[in-house]
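Each in structure tokens, the structures are laid out below.
Next come two complexes, and both contain subunit A; in the first it sits with subunit B, in the second with subunit C.
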Partner chain A sequence: MKRSIPLAIVMVGGILFMIQYFIPHQHSQTLFDYYTQWAPIVGAFALVLGVGSLYRLHSHKIKRKAKNWQYSYAVLVPLFLIPIFALIMPESLGGGIMQNMGGDRVTQGVFDFAYLNVQVPIQATMFSLLAFYIASAAFRAFRAKSALASILLIAAVIVMLGQVPIGELIGKWFPKIGLWILRYPNLGAKRAIALGVGFGMLATQLKIIFGVERNWLGGAGK
Partner chain B sequence: MTETIGLWVAALFTIGIYSFLYKENPLYRLAEHLVIGVSLGYNIAITYTNVIQPKLLDPISSGEQGAWLLLVPAILGLLYITRFFPGVGWLSRYPMAFLMGAGMGVGFPLSMKAQVLRQLEASLIPLYETGMAWDVVIGNVVMVLGTLAALIYFFFSKPHKGLFFGTGSKIGIWVIMIGFGATFGFTVMGRISLLIGRIQFLLGDWLHIIE
Partner chain C sequence: MNIWEKMLNVDRRWIFLLIGIACVVPFFNPLGLPILPSAEVMGIYDHIEGLGPDNAIIVSFDFEPGTAAENQPMSVAALRHAFARNIPVYVTSYWPLGQAMAAMAISELTDESLEDYFKYVEWEDWASIRDQGIVDRAGIEEAWTAEGNTLPENARGWVFEGRDIAFLGYLPYFHLVILGMTSSIASQFPTDVSGTPLEEMPIYQDHKSLRDIDLAVTSAGGSACVSWITYGREKIGLPIAFGVTAVMATDYYIFIQSGQIVGQMGGLRGAAEYEVLLKENGYNKGYGKAFIGMDVQNIAHLLIIFLVVLGNIAFFAGGFHKKTKLKGRR
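Take a look at the complex of A and B:
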């Protein structure tokens, strides 16, 4: 009941949907339609689990006055306020969701304000912060100690310089070499890695379907 | 007014994140915690408006034919919550089993198609055709042989010795290194352009020092 039935559901569901792909029949399509309808609903409820875990973690931190507990309010307040403003509050009180997320910086309510002025700039800055760390990582990785490290260094330098105006100043052929490296040897390596990943995915999927891989069961209730 | 406040808030948090380059500080910590709360709050709102409301609540409330069947995934989804109660926590495996089983079954032929067959198909190209530029011909040869050599390098069931496996794996690692170098260079350029974007925001949109 605790482990066998979930494993049986995975096996039956896995085999059924694997076969379904190869059967061009109305019933087979109906089965697939049910999956596409049901899976997002079931998946959406997993968010409750994530929110619950985060709430538990931070509320415990606040209760115990653990180190840096004050910052837990910075997690919990927007976590609950943003959905309340987006879904419950009327537009006159700053509620509602922006209809066109790809539009200009037009803020209409708390939800849009938090998204455009807090989430987007912080995330973009965090990613751009990596420019500094990637530079120091490059210093360590790019020391031409061996032939292989040298080839890595040369390929990276050509690709980097080929994309900026200085590359064209070195020679008109320079950006073309960068592009050629990206298009051919890089693609060859990527394709081999993609094939390896593909075979790995297939093997893992089969292992999960046939119950060889059971880590997803977790330890709840044993 | 709201836009000006928004600009100042965005600028404050941008500087807050960059202040980490010096050392960890309260402003960075605040921004770090805030982005977790905001992005999860955003996800809750979006999941409700894009999934729960149109795919579950609206069909049931409007009495669509067969909509009662949607109660099955809803109940399955609710079983996730049992994870918080140690005695019945194992029930949360049922929705996971549904998603895992059906997901793996649906994903298997699709992975086979996209990750394996399409990649093999894309590798089976004519090396030379009339009128093809010389750099394209060399490129095609490098790409096809490079894929084969890199695959040999990843094949560990045979020792990497002899003409085929030994030389093949050596060429393979060279091709892989060129690929890694190119990917690294490409990633660096991506991060640098993001950095330029943030600097432009600070100096242009916020301080109006540059156009």
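Take a look at the complex of A and C:
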């Protein structure tokens, strides 16, 4: 039962909505509307599982005093405190959530403060670090060791210079050749990859719908 | 260890320092080099330029703070263009953190301390005009100014909440939300983020579903933008414009060539190109953050190319292409 019911739901649902897409009738549209309203609600239950699982993992780590257990507090405290400040606490006590920033309705509670002064800079910093590592990696690894590597290197240099205004000062043809590389050789290769991925996805989805591919069930029913 | 080997084994922290200097110095000594808009960016600009108060667009903040340096300026530029042309805008977000990025963009454009800002009129403030049954954009502005409201000197125009903008925000499973909006926007977003019912808003009266929307600008830091093609463009023919990070831009030229998107802003360069178009056409007196940031890219790109060339010279001059391993193993 644990395997056959999910398989039946996937098969019926998959075939139904494949057919629904091609039926321009009011009943078909109503069914589709119901689905788009229900699916996020059903999916929201995954949040309960996710939070529960995260809490269990880190509370066990703290109880067992496992390696780096102190960091688990950094997960659990904001996990519960931030929603309390955002959704429960009154604005006078630092509660509230950033809504429409136009006009005078600007809140600056704990939630907003944490978002603007912790989350935004942390995420931006993580992404910015790429520039440093890319520069270091390019210096050490980007070698014209073979004909193909040389072509890659030359193309990279042209595209990099073509993407910045200073490249045009160095040579007016840099942006033109850079764009040509992006619009033709790059596009051809990407198109081939996209088609391959597309056919692969189609095949996998058909296999899932018809029950050939069952890995998504995990260990259910075993 | 000879000089070439020493060079190849240089401590990586020196390279980090050089990149750090390259990122900081241009902010103090701006180069301000001219940027020529590409056909990909002009495609988006021309599309929005062809719209007016009777049309409507969506600007979707489909990114998180990590890629804000690239994505935020392009979203701000598209919003500025729409506000300046009085095109009604629905603002959405694919990710939870994107909603706050959207709020920050609206805040930036309506910040009264900045030049060329848009004076934001809250929903409650123009209730008397709605009560008179005035719904067209020109009529609303006329009635508003007739009530004694004057546009501040450094402001570019008015933004009426509910008519010029509806901030819908984030919903989970956004690809399903896009699908749902093809039938009805209000079915997915019964209210805006402030709790105002969407069905009461003048913007909604003529733009009830994605079928009534003339363009969706998705500014994305991941593959979220493709959902707009899959569920918006391919299902109902919704015109789409991409704003993506530079590393993603190469992936999406296929959608330009196939005609599935009207254009693409690729990375900071794409955003800077849009800012140039806005300034050249009188929608902004100055340039935005992307144009300023391009100075950093100028120097950083040159530096990386210099490092690559230097690395290759040392590699071949030192004869390391004949050896299997460097002593330092760096």
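Quick notes on this structure:
Here is the rule we go by: the second predicted complex is superposed on the first by the 203 of 222 C-alpha atoms of A that agree within 3 Å, B and C clash if a C-alpha of one lies under 4 Å from a C-alpha of the other, contacts with A are read in each partner's own complex, and residues count from 1 in each chain.
Here is the rule we go by: a contact is a pair of C-beta atoms (placed from the backbone, for glycine too) under 8 Å apart; a residue touches a chain by one contact, two chains touch by 3 or more.
Remember, it's a predicted structure, so these values are computed and weren't measured experimentally.
Once the two complexes are laid over each other on the shared chain, residue contacts for A:F139 go to subunit C alone; subunit B is not touched. Judged by the touch definition given at the top, the superposed model places A:P185 against subunit B, while subunit C stays out of reach. In the superposition on chain A, A:P78 contacts subunit B only, with no contact to subunit C. In the superposition on chain A, contact of A:A44 is made with both subunit B and subunit C.
When subunit A is checked against subunit B and against subunit C, the one touching more of its residues turns out to be B.
In the superposed model, A:L153 lies in contact with both subunit B and subunit C. With both structures placed on the common chain, the touch criterion links A:D33 to subunit C but leaves subunit B unconnected.
By the touch criterion defined above, A:W173 reaches neither subunit B nor subunit C. The residues of subunit A shared by its contacts with subunit B and with subunit C are 32, 37, 39-40, 43-44, 47, 105, 115-116, 119-124, 126-128, 131-132, 134-135, 138, 153, 156-157, 160, 163-164, 182-183, 186-187, 190-191, 194.
Subunit A meets subunit C in the complex at residues 29, 32-33, 36-37, 39-40, 43-44, 47, 98-106, 112, 115-116, 119-124, 126-128, 131-132, 134-136, 138-140, 142-145, 153, 156-157, 160-161, 163-169, 175, 179, 182-183, 186-187, 190-191, 194.
Residue ranges of subunit C in contact with subunit A, taken from their complex: 8, 12, 15-16, 18-20, 23, 31, 33-36, 38, 64-69, 97, 100, 103-104, 106-107, 110, 120-122, 125, 159, 161, 165, 167, 171-173, 176-177, 179-180, 183-184, 187-188, 192-194, 246, 249-251, 253-254, 257, 267, 269, 294, 297-305, 307-308, 310-312, 315-316, 321, 330. The residues of subunit B lying in touch with subunit A in their complex are 2-3, 5-7, 9-11, 13-14, 17-18, 20-21, 29-49, 51-52, 55-56, 69-70, 72-74, 76-78, 80-81, 83-84, 86-90, 92-112, 114-116, 119-120, 122-123, 135, 138-140, 142-151, 153-154, 172-189, 191-192, 194-195, 197-198, 201.
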